[in-house]
Structures are given as structure tokens and as C-alpha cells.
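Two complexes follow with subunit A in common, the first pairing it with subunit B and the second with subunit C.
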Partner chain A sequence: MDRSIPVWVAAALALVVLMALPLGWIGWVSVSSESGPTLAHYATVFQDPQLQKALWNTVVMAFWVGLASVALGAPMAWLTARTDLPGQTLIRGLIMASFVTPPFLGAFAWVMLAGPNAGLLNKLYRNLSGADDALVNIFTMPGLIFVVAIYTFPYVYIMIANTLALIASDLEEAAAILGAGRLRVAATVTLPMVAPAILSGFILAVLQALALFGSPAILALPAGFHTITTQIWSFFHYPPKVEMAAAFSIPLLLATALLLQVQKRLLGRRGYASIGGKGGRRRAIPLGLWRYPALGGCLALLACAIFLPYGVLAKAALSRAWAQPLTWDNLTLANFTFTFFEYSATQSAVLNTLELGVMTATVGAGLAALLAYVTNRRLIIGHQVLAFLALAPIVIPGVVLAVGLFIAYTRPPLLLYGTLWILFVAYVTKEMPVGYSQADATFKGVHPELEDAGRILGAGRLRVLGEITAPLARSGIIATWCFIFIGVIRELSASIILFTPATKVISVVIFDLKEEGQFGPIAVLGLFMLAMTFGTVVLMQRVLGRDFMGAKE
Partner chain B sequence: MAQRWRFPMAVLGVLVLLGGAAPASAQDGHLEAAKKEGKVVWYTSLVLPSAEKVAKLFEAAYPGIKVEVHRTGSQRILQKLMQELQANIKNVDVVHTSDAGHFVLLKEKKLLMHYTPAGVDKFPAGFKDRDGYYYGLRATVNVIAYNTKIVSAVEAPRTWKELLDPKWRGKLVTAHPGYSGVIATHVLALVNHYGWDYFKQLAQNRAMIVQSAADPSAVVASGERSVAVNGGDYSAYQLKKKGSPIEIVYPKDGVPLVVSPTAITAFAPHPNAAKLFTDFTFTKDVQQVMADSEGLYTGHPEVKYPADKPKLDELKLLQVDPEELEKRNEEIKKRFVEFFGA
Partner chain C sequence: MPGVIVKELTKRYGEVAAVEGLSLEVKPRELVALLGPSGCGKTTTLRVVAGFLRPEAGEIWVGDRCLSSPSAVVPPERRRMAMIFQSYALWPHMTVAQNVAYGLRFKQEVSRAERERRVREILKVVHLEGFESRYPGELSGGQQQRVAVARSLVVEPEILLLDEPLSNLDANLREEMRFEIRRLHEAFGITTLYVTHDQAEAMVISDRIAVLYRGRLVQIGTAHQLFEQPRTRFVADFIGKTNLIDGVAAAPDRVARGGLSLRVASASLKPGAAVTVSIRPHEIALAPASSPRTPGEGVNVLRGTVQRTSYLGDAIDYQVQVDGSDVVLRVAGPPPAAVRAGQEVTLTLPAAACVPLTDSD
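Up next, the complex of A and B:
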């Protein structure tokens, strides 16, 4: 046996502790009371009509977000992967932008765009049509579904676009030669081949929607309804009902686990598809007259996700009153000076966010790389278990993880609450699946022969890792780092439960400001957050030499 | 432009006055100690720009002592404070919320320092805890505010009861007692006056729900809703001063008075700075700043109020007992959520 064993064992232990402890506590607290074990909390939670409503709202929202994401993502994937649609680079770039946009910022921007009365789009509509009623009311269930879907569809898009890129177009061409029209080919040949990808994209979108906190808090609460996540958050209001929060977390946890299991099955039998590596040729299907309408459709959707929200954020950042036209009188830089120089919470929040981002990304990418290396090279017995553990946190929605961490670390021996460490633990755990997948893909691309050569020449495993594997895997690891960093700086659903006034991060400050109705500073901080995100994306693309969503060389 | 210069002028004014008073000040003793502590941590529900302004005034008056402002809703402050204590974190020096019930609770739990800020003996009884643990730093009244571009002065509701008219359906906005102490006080005052049935009926008009007591008037000013059914008059007053199309109604059936106490915690990590800061916030000059540019009421007998605001004694005030507020805190939140949905 190797002397590197302790390293692997430590990594494995860390994972167990990060996950097992919080989840164990949730389970325990949800069934314990002062007079011994009890199911009373579950009974309360499931019999309360308010909470039943919250459950049902969540189901409705997640289901429709899933459908809408497929309806938006699938056609776009087909258009960009399979046809001669013009402006593909632009469209992929914009989809990526929507992928990295924090959904709560989008929700906030849409309040300004489509609030029934002051919303800019509704005002425009009233001016043009002379009507009294609003065109859209964002403070409704359909409004919430819409806003969540425009930032969730990229998950479906990536899933399908990547599958399409792997499928050779022989079958489609055969059908076309036999006289089928373009639509018919798409519907009867292409669609069945990507059906598993669509279904699994649907599930991914549903999972995203289930776990979301910010958008429902911004759009559903003003309309007077809760979802599971906002309800769990409000259990923490004074006097706190942590045991109820724990009991209410369990259905969310189970639903997530179940859906992932289904998705895994689906991906396991990609059956019908003739995915034959990169051998088969893919020919672009000519759209003919439909080229420009199709492009227009794509851009219209992306306008909703990117142009309009970013535009309205910029407007709010620069104006005294966001609902008034941007005239000279209304133009100001006061929001910027207030946010960065007068508001004392900003600077420490920015520092905290950066510190946590860098720390989590560094440790997370390191850990993910280590785990991916161990599992890919099958270095220890039970390496499959490690892979499973690394991916397991994906079943834990941020809010639920936070409930677990809160319970676990507000008591001795580990009093982490009130320090940045508890946020660090939450972020590492939450980002591990993403980091691991990214690192795993990296090591799959690094052939073991070179390492073997090094070993034969007498180098130890750590030396081989440092001198051969690491340089080869470097760009992949940096991409992992960036992925985690982006995930951390936008994190809200766990942070909102775990922060203390001394450990605020930018997303929490934005949420605080939202509760107070300070639109200008929110817009400024939102833009700042977007700038950090896109800075990181650009860095990542430099390193990778491609965009990070797909397999395009 | 007048707005621009108000703040620096206020700083200057306070500095001049403090400079003159300094030699005779009894604070010299703990001034050195406070400077050594270097900062004071203030959990406050005073609306953000106002809170930062008070902090900057203090920092200008006492260079070397920083004020760490943590502004959020009253109920969030209590939540975080209690969560911190559960984890044995002692972070906060001065607590200031608009839910007087919180201070009854904190006093009972022995979490407050017994401290009488300089000069508060002249304050009226409603601003003083009889045991001497907390004092009202500022006051506001809950009002109705409406958008003057959408609602004419004739149509505007004049009483709380008029808000129940179905013609306001979909046009109202309310803040949340589960976030704001101003609103928790408001709800209790009106429940005592009209019963829970009032809120049950109000909920039929499907009000938009926001959190902070400062937000309803902002929502109304933006035109998103026509009428705010509660919220501190000072937020609406500030918006009006800035030229927003908003008008304030002091309902004839009475305005719920909210006195927002402040106290030093028993475990304050910077006790001397906390005392210095608390004394500072009760000086006439700071109280006058709150009355002038922020539109708040105060307990200080010498403070002059803007001519375009009614005096407190001209209003029919609905008052709430802090102990009742503390006892019924959970009931208030629970029933509000039951009626309004979230």
C-alpha cells in the first residue's frame, strides 16, 4: 500500500462529516421533543392548511417550470446544434449569460419590468393600447413560473445540445431522403433520440425550481403565497421553530432524491440514440425562410432573460426614482456612492463574499480534483462510494442544507455559527457535485499511460500527480475553480439562514435591501455581482479556450 | 441642491455644539475607554439612509470610534440576536427596534444593561422604561399614504375603515408585522380598536405584501399601488420632500403611535463606546436632525418640528402597551399570515 492513502482517507472523511452531520441532525431534530421521540412535528406540518398550500404551490411551480424550460430549451438546442440558424455564437453566449445570472436578480428586475402598475412594460403597454389593465402581473404564480423558467431553461438546453452534438445525422438524412419534411424528421427521428435527454433536462429544471429561495421570496410573498423554501425560512423567524423547519425539509429532500434517481435511470439507458463518439458527421439542416423568424424567437426569449432585466437594473442604478423616466433630473450617481461609501454593510459583505468565494473555490476545486483522481484511477477500495458521496449533496436543497448546518453548528463541540466557517462548509458541500463533475470530466481526458510511465521510472504517486497529471489537468481544474466561485458569489438560499450581521455576503445584503425596498442600491450591487460573475466567466473561457457549456472545440 | 448641503451642515452644526460643550462634559471619563474600544456595533431598525446618517454624525463627532450599522427589520433583529446568543456569540452593543415588546422580553431575560442616557429625564413618560433599561429614541405614527397622480384628494381614504371599501381592491399595499416593529405595533393598536375582523376584511382587498414599514410609501410613490394602508409617516414624509407624488393622511379615527426604544446589551463588547453612542443619539442636536431631515418625532422637549408636519399633541394617538405587544407577538404574526397568506 501507498503512503498517499491517508490523503484519500481524509478527503473521504471530510465528505462524510460535511453531509452526514447536518442531515443526521435534521432527521433527529424532526422526530425529537422534550418528552422523547415523536412524530408530532410531522403531523403539525402536514395538517396545517397554510403549509399544505405551500407544498402544493411548490409542486405546481416546479412542474410548470420544468415544462416551460423544456419548451424553451429544446427548440433552441435543436436550432443551435442542428440547423443553419444565424448568430449561433451570440445565442450561445446569451444562453450562457442567462445560466450564470443569479435568479433572484432576475426576479428583482422583473418586479420593475412587470409589476402590474409601475412595471415599465405594463406602462408601455398602457400607453400604446390605452387599456386600463396590466399586460402581465409578475406577482402571480404564472409570473413566478415565467421568471424562474427563463433562468432555468439553460440546464435543459445544455443537456439536449450536448446530446445532439454527439448524435450523427445519418438517420435524419435517411429520413429526409425518404421524403420526410424537416419538421417530420425532427419530430419522428431526432426527437425520439433525444427523448431521454429531454426528460432528464426536465427533471433537472424541476430540481432547480424546487430548491430556489430568492425568486419565490421576491415574487410570491408580495402576492401572499409561500413555497416550501420560503416557508422553511420563515420558520426561523422569532420565536424559531427549528423542529418544524426540519420536519418540513424532509419532503423536499425526499422529492429531490427521488427525482434524481429517476433521472439517473433515464440517462442510464440512452437506448435509442446511436451515439457513436465523434465519428458520425453532422450536417446543418437548412431552415430556409424560417431562419430569421427562428432567430427572432430566440432573441425575444433572451431579451426577457438578459437585455430587459440588465437594462432595467442599469436604469434603476442610475436613477433617483426607478419608476420615473431617465431624465436629467432623475439621473444620479448617488446610488453608487451610497452603496459603496456610505452603506457600511457593503464593504464587509464584498470582502466576505470574495474571501468565501476564493476559499471555497480553492478548497473545493482541490478536494474535487483529489476525489475525481482517486475515483478515476481507482486508487482505493470503495472508490465508487466516494464518487457517490461527492455527488450526493445535489439532493440537498440549499435551504435544507442550511437548516442542518444551523442545527449542527450552533451547539458544542463545533460552534461555527456566527463565523464565515459555517458558510464555507455550506458552500463547499453545495458546490461539491458541480466541482466533482467538472474535475471528473477533466481526469477522464487525461490518459493514465503517462502516469504509468512515470511510476515505472520510479516516481511516487504524489510526485507523478504533481509533475505529470496536474499540469495536464490544469486548465480543467481552473475551470472547476471558476465554476465553484461563480456558484458561491451568487448563493442565497443557504446564506439567508446561516448569516449573522457580522458575516453578511453580497446576496444577503441584496435581500436585506429588498426587504426594505431600496431599489437603487440593490441595482448597484446586482450589477456589481454580475460584473464579478462575467469577469470569472471570461477568465474561464480564456483558460479553456472554449465556452464552458458544451463540447464545441 | 438644498438637500445636498443639509447633511454636511448638520455634521458641522453638531461638531460646533459638541466642541463648545466638550470641556464641561461628564463623558470625559469613558471617552478614553470608548476610544480604546474603537467601535460600537449597532443593530437598528431605523431606515437605512437615516441610520447611516446618525452613524456618520457620531463618527464625525468622535473620530476614532466607528459605528458598525446593521440595519434590518425589528423582528429580524430580534431573531438574529437570539440566534447569536444561542450560539454564545456576543456581538451587539446597542439594540434599537420599533417593537417595544422586544425590550420587555430582553429585559426579562436579563440581556439589557441598566443605563440612563444623559438628558432623558426630561422626556415624557411614554419614552421611558420605568425600570430604567430602555428609552424611546424616536417615534413615528402609522398613516395612510396615497399616490397623488392616481388618487385625488377628494377620493383619498380618510379613516382606517374606509380602506375596507371594495373599490380599493388590488390597489393597496401593506408592510408585514413579521418583519417590522412599526407594523406589529400598528396591527395591535388597530386590533384593540376594531378587532381582528378589521384585518380579515382588509385582506379581502388583496393588498400587496411588502416587508419594511418604509416600503409601502415607496411602492405608492412608484405608482405600483395607489394607497399604503400602514407605514411610518416619516418615510412618506421624506419621499414627499424629494418631490415624489405622495400625500399623507393622518386618519381621524386615530394614529397608532410607535415609540422605538434603544438599549445597551448586558453583554456589550464595547460598553463605553455604547454609552457614548447612546448619549450622543439622545442629544438635542441629533434628535433635531431626526426631526428635521428624517421627519421623525422624538421625546426631546426642545426639539422643533417642521412646519408642514402635525404636532404629536394635535393627533389622536392610539397607544400600545409594550408588555401586551410582547405577549401577543406570536398571535399578531400568525393571524396576519392567516389572513394575508404570507
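Up next, the complex of A and C:
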């Protein structure tokens, strides 16, 4: 009997419980009532015109976000991967920054920038033109789409840039030597090869938009409309209508599952995009006169995603009245002292966030590593199921997961609601796909013969795991830890449903402050969150020795 | 020093049998090569012997210990074996000395000082003195190979397993390492199973060669036996170059194909049975048709036309169309070329060199 087997089985069981409980409860509660099984909740949910409107709003928003993300991400991917565009390192760095910026912080920043009355851009416009109207109003559907898209396009960018990096110039030159002109080469060779990446990037962006809670809550609610996620959240307002939330979660769950299936199909056939990718040199296409206009375009977009929002957050953090010009009179550190020492909720929220971040990242990375090891080395029967389960939470939007966990853990035997544990469980579940993919890639890089060599020379499996595999996988696992940590400290959509006054986290406090209209402290906490995020990113890049979006420098 | 006995081994991956009913005996101190094309089951066999895979049927015995059976598999770490891998599998985070010393750490009877002494000694044997504190990434391919060899030999295993250990080396180094491995085998006398797809490598290194094809053992013997007396079409074709002529037994010692009739090195064929005849190119003598010939006993004499000659440096390769037949024979002759393309020639085939193959494979 192999002594290591209990370890693998325990990890597998933990995963199954983690996944099965919340989803099972959602399904069950959505069809149950005091008088037995029923479809009444579904009927109520889908016949209510207001809820139908929320569904439709979500579809509209997600679709346009997907389209806008492709329109922004694809050209930038081509420019940075294949041309002699100047400042590529800077641009990649900024795209990465926009990738890790919590979207709800961006939304806050844009409220300060483009709110119809006090928004700085509108004030500037009024000063310059003398008009009385606002130039832009962020509290609209197009405003919401814009703010979501500028933080979602990096998903498309990464997907396409990594695919383009695999296409050797030879493939294009082969077409050129046969007589195809530059446009023809692009249309007949390059584009078809990246088409699957573009489509699946579109789907990825749509998925992100579907699952988002923060930005719609900040921008759509004041504008007077709901999306699915904000609607589910409002079902939890007193008195909570859990069964409605469950019934309303199911279509969101099905939509994500369906889209992911489509994306998997597309990527499954991606193989041909990388044929001949190894070793093939890539030559930069000269942009000529277009170099600087192209750079200007990229920077303008990144100004919307990074410079302007970060700038306005910094300004708000340092000023007494955020909407007033930053003069000596207006300058203050009072927001910092208020936020960290006077506002009652902050200190415990910071502690909670750090505690949850470290705990989730440690347990999550450990569990992900064990599971990835089991599936890579095929240690137990049913290892394929484990891989599926570990990746399954991708289809569960944070809000839906929270509904499931709320139902599952507000009743015996596991009364976790009201403790940090329920958030911990939510985060571990939500971050499992990211952690698992990272750990999986890590173990794929450790040749199994390295372990076999240890075995045949006399070391048992656990010993080999400790002495050979672990040191070789270390940097990959640390990176996994960082990925999970970043995901946890910015988490809002599950936390907003599962928190209780004693278990607030930073993102929830920011959300509360918004209700009170406290922009200065929001900015302080936002910057604090960004600092933690970027600190972790830097650490991770040093460990990995590469840009974490996938490309080697 | 025990030997290895593989009994009726079967290993399946799903529905596909990678190895089927394979039996094999490696005698004590013998080096047997498992030779075959990719997918023939040789590596699978080796990995079952090593204990990494559980067989569906059959047993692995070393001396009086049954190490593998469908019901019980002794884990690799308790088999007293060592293995050299195709990728070398040197641990990149350990120095050469740490790599080599690894297996000794699990031997209680070896003290720390003794361990260090043995590591130094074995590194001397593989000509790597002074490399103790290097990391594998700092070594050349050949040096890495030597570390892998040292790491396996230092534990004084009962059985040594090698999985295509030379396939990652360039041609010159590969040839050098063949002799090196043979030298080490003769010095240490460890019972060894050696997997390779390279017939020349198998012939240089091994005492006996087991030819595997589609998961089955087709023939086992010394290099000489396999070359001179292949039992199947596959063996004849895989070991060295050969001409294969499919025909029918016309008499106990005669095989016919169309207008062609050959005396073969057997007197027990069943007339009417399908027989393939194998003739090595260098066994055939070629002369211009005009030169005087002296047909003797036990010799087949054929006439033909040279279709093409190729100059190979140390030999000339002729393609000869046999008159009145669809058979084209490859003939190897010493340079300079005796004839040019288009010329009529006489071919002399000793009956003893015409090996009849009756197995279907």
C-alpha cells in the first residue's frame, strides 16, 4: 500500500466538498418550497418586467464590453507583438497595471472624473467652453460599458499577444514569397491564425463583464438600472429573498458555462496557430510614419485606464475637498489619519483582508499544488474529474457563489455565516481555477523522470515530492500564491453578500464609504489596495523572472 | 548477482496492449538490449521491470524475489535497481556530488565519510574528477550523461536499467559512449537491461539482443545470430540491410517467385507454403556478364541489368533488375564500380546466405 494515497484522496475530497455544496444548494433552493418541489421561483423571476430588464441590461453591457475589449486589445496586441512601436515595455507594463486594477476602483475614479455635476472632466469642459451642460455622463449604459471595457481589454490583449508571439515570421514570409502582398498576408495568414484567440478573447471579456458586481453597482444603480449581479445582491436586502436569488443565479450560471464551453472548443483547435512557433524568428514590422500616432493612441487609452483614474484618486486622497483644485489650502493628510485611525471599520477590515489573503493564498496554493500534482502524475482514479472540478468555479460568478455559500453555511452542520471562514471558503473556491492553472503549468515543467530517478534510487513518493519536486516547483508555487493573494485582496462580488459587521474586508469598506459619499477615504483605501497589489506583482515577477502575463522578456 | 526473469508480461493502456505475453530471461551479469522501433513496447517493459507500472498479467522476478505481479508491485525504491533515463533526469537544484550521493543516503550501512569516498571514486571512474560542486546546467551533454551513469553505478544496484541513454547525444559522442558503457559493464558486471531503437548501438553494447515488435518478443539472440539467422521478416529487415523476396516453397530447399528459383539454406520447407527469402546485399557477388563464371555447388547464379549505381565511399550500392522477374536486388560491392548503369551482370548468391523466413511477421 502506497502511504501517499491518503494525501491525494484527502485533497480530492476537499475539492469535491468545496464545489458541490454551494452549487447543490443553489439548485435545490431554487426549486423547493414549503409545499415541495416547485418552479414558482423561476416563474416569478422571469415574469417580473423589472427583472427581465436587468437580464437584458446585462446582455447589452456584456456584449458591448466584449466588442470594445477586442477593438482595444487586438490592435494593441499586434502593435506590441509584431511592430517596431516605441515604448513597448512601458505599454506592456501599463496594460498589466490595468489588468490588476480592481475594476470597482476604476469605476469610483471615473465617478470623480466624469460625474455629470462635479466630475473634473466636465468642470474642465464647462470652464473651457462656457457651456452649462456636462460633456459626458458616466452614470449611463455607455459610461458603464466604457469603464468596464478599459479594465477588461487586457484579457483580450494577453490572449492575442501570446498567440501572435507564437506565429513565426516564416509563415508570413512563406506567403509573401509566393506573391501575396502585405494586406493579403495579413488577411489570409495572420488573421485566420489569431481568429480563435480573438473570438475566445471576446468570450473571456464577456464572461468578465457578466460576473462583475462593483462597476454596475457604482455606475448603474445611480443611473436607475440593474444588472443581474446587482439584482441578486438586492435580493439580500431585508427581508432576504434567498430562493429568488437562487433562481436568478441559474441563468447566469448557465450562460457562463455555455460561453466557456464555446471558448474551450475554439481553443481546443488552437493547435495549428502554434505550429512552427518554436524557434521561428519574428521580425518587427516597420510602422514608418505611423509609429508616433500609434504610440499616442495606445497612451491615450492607457491614460483613461491608469493615468487619469490614479491621478484623481491621488488628488482625492490628498485634498480636503476632492472636487476643488489642488492648492496649498486644499492639501491635507487628514484623509489618511481619518481612514486608518478614526474610521471605525478600517483597521479590522485591513486585518481581515490581510488575514484572509495570506490564509487563502497559502491553503489555496497548497491545495492547487496537490491537485495539480495528482492530475499531472495520474496518481488516483478519476484524476480527470479533479481537473474539471478545480477549473469549474470559472463558471461561477462571485455573486452566485456567494448565494450558494450563504445557503450552504447558514444552516447546520456548518454554521460559518458571520465568521471569516465563510469568506475564506468563498475565496478558496473562487481562486481555485487560477491557482490550479498556475500549479498545473508548474508541474508540467517538472519532467516526471526527475521523480522516477529519485524513486529507483530508494526514495519513497512523499520523500521525492519533498526533496526533488518541491524545490523545482518552488518558484511556480510562489507565483501561484501571489496570484491568489492579488485575487483575494480585491474581491468584492462575493464579499458584499457574505460579510457581516465583524467580518468586513477593505473592498466592502470602500463600498460602504461610497454610500456615505466619503471620497477621500475611498481614495486612500483604494491606493492602499493598489500598493499591496503592485507590491505582490513585483515580488512575483522577481520570483518568476518574467512578465506574469505570459511572455518572456 | 541475480538475473531478471520476465514471465508472460502483459501491460495495457486502456484497450491497447503495449506489451503482450512477453517472456524474457536476463542471466546474471548479462547485458540484454531491448531493441525495436518506437511503440514496440520496449520502454513499457523496462518501466514495468522498474516498478513504475503495474502489469495486467505476468510477473517480474529478480533472483528469488517476485517484484511485480498484477496483485502486488514492490515500489521502485525497494527494488535495489538503478536506472539511467533518456533525459538523464539529473536534478538541476543539486550539485554533481549531491546528485551522485542521493541514492547512497538511503543505505544505512554507508556512513557519511564512506559516502563521500564512494562518490569521489565513481566520479573518477567516469572521468569527472573535479566536477563535484558543479550544477548539471553547467555541464555538457556528454558530461551530464556521465553523471547519470555515476549516480546509478555508485549505489551498486542488483539490476541496472537504461532507457535510450544515448539518444540525446550527437553522433560522435554517441559512438564513444557505446564503448564506455560496454567497458563499465565489463568492469562492474551488473545485470543490465538496455532499451534502444538503434540496432548498431544494441550490437556494440549487448551480450544478447531481444527484438520487440508490436508488444511481442520476436527473437532473442546474439547480434551474430540475429544477423545471420533472422527468424522473421521484421528481424531481417530491422537488423542491417537486406533484400526480401516473397515467394512460394517449390521444394524442401527451393523457393520460387515467377521465373526466379532460389536454393536456400534449409532443406525442410513445406512445398506450397509462402516463404520470404532474405539475402544480405554484401553476400551477393556481382560481375560483368561477359566475364567467365564458375558456377559451383550450392550457389544460385542469376542474370540481371544494373539500374543504378551509387557511390557510398566505402562501398558501391548497385540496384540490379533480375532478368525475367519483377525482383530488384540491392548489391553491395567494393569500390571502384565494376559496372555502370544499363550493363548486363551476373549475380552469384550462395544458398547458405539465402535465409528462408517462414514466420508471418
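Descriptive notes on the structure:
Everything that follows uses one rule, which is that the second predicted complex is superposed on the first by the 532 of 553 C-alpha atoms of A that agree within 3 Å, B and C clash if a C-alpha of one lies under 4 Å from a C-alpha of the other, contacts with A are read in each partner's own complex, and residues count from 1 in each chain.
Everything below uses one rule, namely that a contact is a pair of C-beta atoms (placed from the backbone, for glycine too) under 8 Å apart; a residue touches a chain by one contact, two chains touch by 3 or more.
The structure presented is a predicted model; accordingly, all values stated were derived computationally and were not measured.
Clash-free side-by-side placement of subunit B and subunit C is the outcome of superposition onto subunit A.
In the superposed pair of complexes, A:G454 makes contact with subunit C only, with no contact to subunit B. When both complexes are overlaid on chain A, the residue A:V543 reaches neither subunit B nor subunit C. In the superposed model, A:Q50 makes contact with subunit B only, not with subunit C. Once the two complexes are laid over each other on the shared chain, residue contacts for A:E515 go to subunit B alone; subunit C is not touched. When the two structures are aligned on the shared chain, A:L472 is found in touch with subunit C, with no touch to subunit B. With both structures placed on the common chain, the touch criterion links A:H237 to subunit B but leaves subunit C unconnected. A count of residues in subunit A touched by subunit B and by subunit C gives the higher number to B. Of the two partner chains, subunit B is the only one that A:H226 touches; subunit C does not reach it. Superposing the two structures on chain A brings subunit B to within 50 Å of subunit C, judged by their nearest Cα atoms. Of all residues in subunit B, only 41, 43, 47-49, 52, 55-56, 67-73, 75-76, 78-80, 82-84, 86-89, 91-92, 170, 178-179, 206, 208-212, 214-215, 218-219, 221-226, 242, 244, 330, 333, 337-338, 340-342 touch subunit A in the complex they form. Subunit A contributes residues 2, 447, 449-450, 452-461, 468, 471-472 to its touches with subunit C in the complex.
By the touch criterion stated above, subunit A contacts subunit B in their complex at residues 50, 115-119, 139, 220-226, 230, 234, 236-240, 320-323, 338, 342-345, 409-411, 415, 417-418, 500-502, 512-513, 515-519. In the complex of the two chains, the subunit C residues touching subunit A come out as 50-52, 75-79, 81-83, 85-87, 89-93, 102-103, 105-107, 151-152, 155, 161.
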